[in-house]
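Both of the next two complexes hold chain A, though its partner changes from chain B to chain C.
After this line comes the complex of A and B, so read on.
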């Protein structure tokens, strides 16, 4: 029983928004900033940090939705595919000259719809979310490829690029973070997500609409993926069918490095923010060091495994101390 | 042959076995009886090498043994047929019999011929005619059991422990099993037969040992005892249990259940529940009580029948959330599986069912939540440092108090308590009885499911006896006594 004394407490006063598991990642961030600043000329500069802040926003926004899904004990591998599906179909509208609000509504609507399909399948079929969203990922990507026939959409009017200018993407990211911090910590829905992930049956017996809330997390994940797509279009000024490739890994990395348990039941949006920041700093540093970009996949995978291993050890220790 | 000497085993909060000593004679069928939770399973698990951490000693033929694993028990000739069979459905009969010790050729390849021949041999000895190549998954439960028995014979077992072997067999299959047990006995194999069915025990056993509250009450030759005697041994209490006094009487009707049926689980269940009363549901494990409760609460749907709430409103809940909104609360028998979120805080575990009330618009009102938790948990003295502590770090009794506090906070009218005192210490039990009394004084009604007869009798106003999914008899508190009820539950005729 004594072993849980230090880890057995959570959320008190100011600490409500800041859990113990976020402190180590904060130190890692400071550590790599120092290392890269010594190694790389111009790393410690406002311009570079502005760059990084722009780079982390798209995956960062996707990671917020991913956090909600993972807290309930699920996972969403189709985030990148949803992003691509939404902006490519929206892109057809752009080519056809639809008004901006209509294009944005279509993109967001598709994100919600594809997210709903994920949630519906995950709660109706007794197969792990990993497998189901692996399936929908391929289906969504396949449809995108068939419809676009692999063709890029360029020459997008500059009004679509307003959302991608300067610090605006990062501002959107911060606003989304703030909203979802409050959703997870202060609303009934958010509070119940942790219960669902910790022990779904117990949550059900306590009256929590488990399946409904799970579906909502996938819908939110789809929504945020589509929203990230809109920002991506704004930043890049073109739409490609392969957009969002590998985002699922980047997002999962940010989530688990940020301290959210891959087993569900615990985690935080703030942690995910720090996780995205950490990933962004590493990738930027490596790029500036002219490391072969093919190493990026290796590093992402490696960091995910390390974070999951730490999480798994933490779980095992708790299992032993349980009463 | 087997001597059990002063065996004790504790789990956090409970003493499952307390200084148990008795002997099992070679070549006999030795019955082991006791109520649910009397310690039968714990004893079997020690004898079969599952639990290695116990005090006391066990010896076979005068030689002290201490099994450190199921394997080491098997090497000493002790095999166990657990209620949950350990066969691999995809493999053939022969493969299952020889699983893990397949005979091999010179080159290390499996000697299929020898394996099949030997399997036929064993099956013939048991007078069973099955092809050794048949996959076990396609066999009936009875035949799967025979495969398990064959497995233990191949191991040259001298002692076979059978844990509730007839629980999923038909009457005909039971007959066959008994013939088989006779055959084993004739061949000098000792059998420890664990059951709570009186008829079977008296039919097949030479000797009967009874456990109660983890203690050995007695061992008698079947010829020198009778059913009443054994029942008295099973239910009599050495330790006088005290139940708190209850005030107030029966009030308005809360719940009326008519002909509730769910195929394969329970059949034609009818009863009424009034405010201010506790109705007890007695039964053995598998009698369908929990299944019935789950249908009342909306976690499963019943096939037919009707439930009327508060005299007028017909209800058919499709989700526990609906039940809670309508004032029906359920405490599951499975505290960790269907009750707690172990790695969440006490606060989060307590307020989960009333989040709708404390988050009426969008945000959870933290202050209101804290106040409600403080006022409700005052009733119960949950031993905790703070409500921000994880539930995992509490003892079983305190964990149970956390869930009960959650239910109290819902201010429901009907409470279904399913084994609320299982695995918790006497002090906490008493507090739970007190809470139940408080609830009835406030005019609420309680459906109380328990496998411990003394507490059902001690606290209920009316007692419903369930057997094989049906209510077989209803007693008023005044006319109920443990012996009569145990007769009804075990399928004997009432005295």
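After this line comes the complex of A and C, so read on.
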């Protein structure tokens, strides 16, 4: 358990940032890059890597928020629905001719609000976060569909696409990663998230404001989902009500592949970055090998199973054998 | 105390159902016609089957998100094998077996690898749905034997055949849960897994049974769905996790395990389908359905936790909490 909770804030060099659990995933990444480079012409090229970096950005940003939530022992199934809600409802302002900063602020505000609703419900209602966010996911998505009536928002001015140009999305991703690596490793709030996930009751008795911190993780998750939505609008140039479908699966996959325990209490933002990179490389490689996109769900599910199985073997709870 | 609580849940549910019926009768002239009522009965049958499956899993303290995907898979297998030209009895048998197999696979991951049920079934849901899409390539399969499909138009005493299948399954599972040793073991495992294990119950075997049953019943639901809509569609049961989990929780089954009843879940599904029927009769936007389901889900689980925290606040009701330990199951 020492790998999960560091003692104090003292500097430990690289060791602190790269926990043991991230090393294997780094090897998997190198391994599949080699395999795909041999199999596919043009896989190992700047152009392809630029493409992949653009592709992983949106789900990657969502996964960062998901990591925080999962570290505290929760889960947020509503990330894709929040993304869609934020850009579609905020996008109504585009047709009303609102200035760009206002539209962006509204989108972000909606993300924060929906995240807060999640956090509020999860902490007030003694029911697993899975059930709550299953409910809110459908409420948010339903409201989006009712308000938009399934209609796309097109004809968006090109200034909205600035954030989606070239390597800019990936830059945003890297900045967010840096901020959240800092938060999780260097702030009292971040360190306490691990304590909450490891043993919530002890954390509470040690004076950690458990509920407040949990609410903050959901708010952050909502914020990052809305931010990812803004980048998605920038990349695609239109807004569709179905945006963000299945993002919760992709994000959970990236998080658990990155070594974050689904039981809470351990994990890292860097691991999640590697997890989303791994997913992105696999999906890109399979697309280039002309594998039917129907199989994406299969691969995502399979990778989730492998990742949690590895995690479970690592955690081997000693209480008793259930089987 | 426990029994009166349960009776209260049932009474509330029956009251809700009656209220919806009265409201809809007033609001829509077509509601209380035989055609409409029997349509609601057929329509709720496959979701009702899934609710039975989920109830068993919930009672055992587990979670199964893959029921909707298993439903789609068994339908797809049924359509594909029929297209190949296998004898239809064998086709049905294999379709059911596939459901059972997926259930066993879920159980293997949950029991032998000791993974969390909800994340396992979230993953298998994604895997199975993906397989269904790849099998059907997004298309709709037809050409099933007409004699088989006509079961959807088959009535016994003016009650749709599919609904009778649902009720019979409900009764069988109810008896299994309440009146057999294995059923009581399922309750026990859900109530306190560790105690059950220490009392000499094969927790793993019980869980295998639970998930296999869930898979099998979901596969039956898939075949009933094919009968009802007379075709195989890849999106079968797409919303099932939300609808079923909501109905089961409304019906008084808890996600913590050890408590619940098939009867309650079926009343929950009935209330839901009456409500949905009302939406379509009053021609509201169908997406209101998911919004209202989501709200009901949160209100129902929220209201339970509120009343539980109230109970904790008033020590005079302490006896109620002690009864929940379920000494009668031992």
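Methods note: the second predicted complex is superposed on the first by the 303 of 323 C-alpha atoms of A that agree within 3 Å, B and C clash if a C-alpha of one lies under 4 Å from a C-alpha of the other, contacts with A are read in each partner's own complex, and residues count from 1 in each chain.
Everything below uses one rule, namely that a contact is a pair of C-beta atoms (placed from the backbone, for glycine too) under 8 Å apart; a residue touches a chain by one contact, two chains touch by 3 or more.
Quick caveat: nothing in here was measured; it's all calculated off a predicted structure.
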Message = Just checking: does A:40 make contact with chain B only, chain C only, both, or neither of them? Give me first, second, both or neither.
response = neither
Query = Touching A:125 in the superposition: chain B (first), chain C (second), both, neither?
reply = second
Key: Which superposed partner A:262 touches (first chain B, second chain C, both, neither)   = second
Task = In the overlay, answer first, second, both or neither for which of chain B and chain C A:145 touches.
result = second
Request  = State whether A:286 touches chain B only (first), chain C only (second), both chains, or neither.
outcome  = neither
Remark   = Max touched-residue count on chain A (chain B vs chain C) belongs to chain C
Message = Just checking: does A:249 make contact with chain B only, chain C only, both, or neither of them? Give me first, second, both or neither.
response = second
Ask   = Counting only touches as set out at the top, which of chain B and chain C does A:296 meet: first, second, both, neither?
value = second
Key: Which superposed partner A:136 touches (first chain B, second chain C, both, neither)   = second
Inquiry  = Give me the intersection of chain A's contacts with chain B and its contacts with chain C, in residue numbers.
reply    = 321-323
Ask   = Quick one: in the complex, what on chain A touches chain C?
value = 121, 124-128, 130-132, 134-139, 141-143, 145-146, 149, 249, 252, 256, 262-263, 292, 294-302, 304-305, 308-309, 312-313, 316-317, 319-323
Inquiry  = If we count contacts the way the header does, which residues on chain C are in touch with chain A in the complex?
reply    = 63, 109, 111-116, 118-120, 122-127, 129-131, 133-134, 137-138, 193-194, 197-198, 203-204, 207, 241-242, 245-246, 249, 255, 285, 287-291, 293-295, 297-298, 301-302, 304-306, 308-309
Ask   = Tell me, which parts of chain B touch chain A in their complex?
value = 12, 297, 299, 319-321, 323-325, 330, 332, 336-345, 348, 352-353, 355-356, 359, 362-364, 386, 388-390, 392-396, 399, 406
Remark   = The chain A residues in contact with chain B across the complex are 1, 4-5, 7-12, 182, 186-188, 191-192, 194-195, 198-199, 201-209, 265-266, 318, 321-323
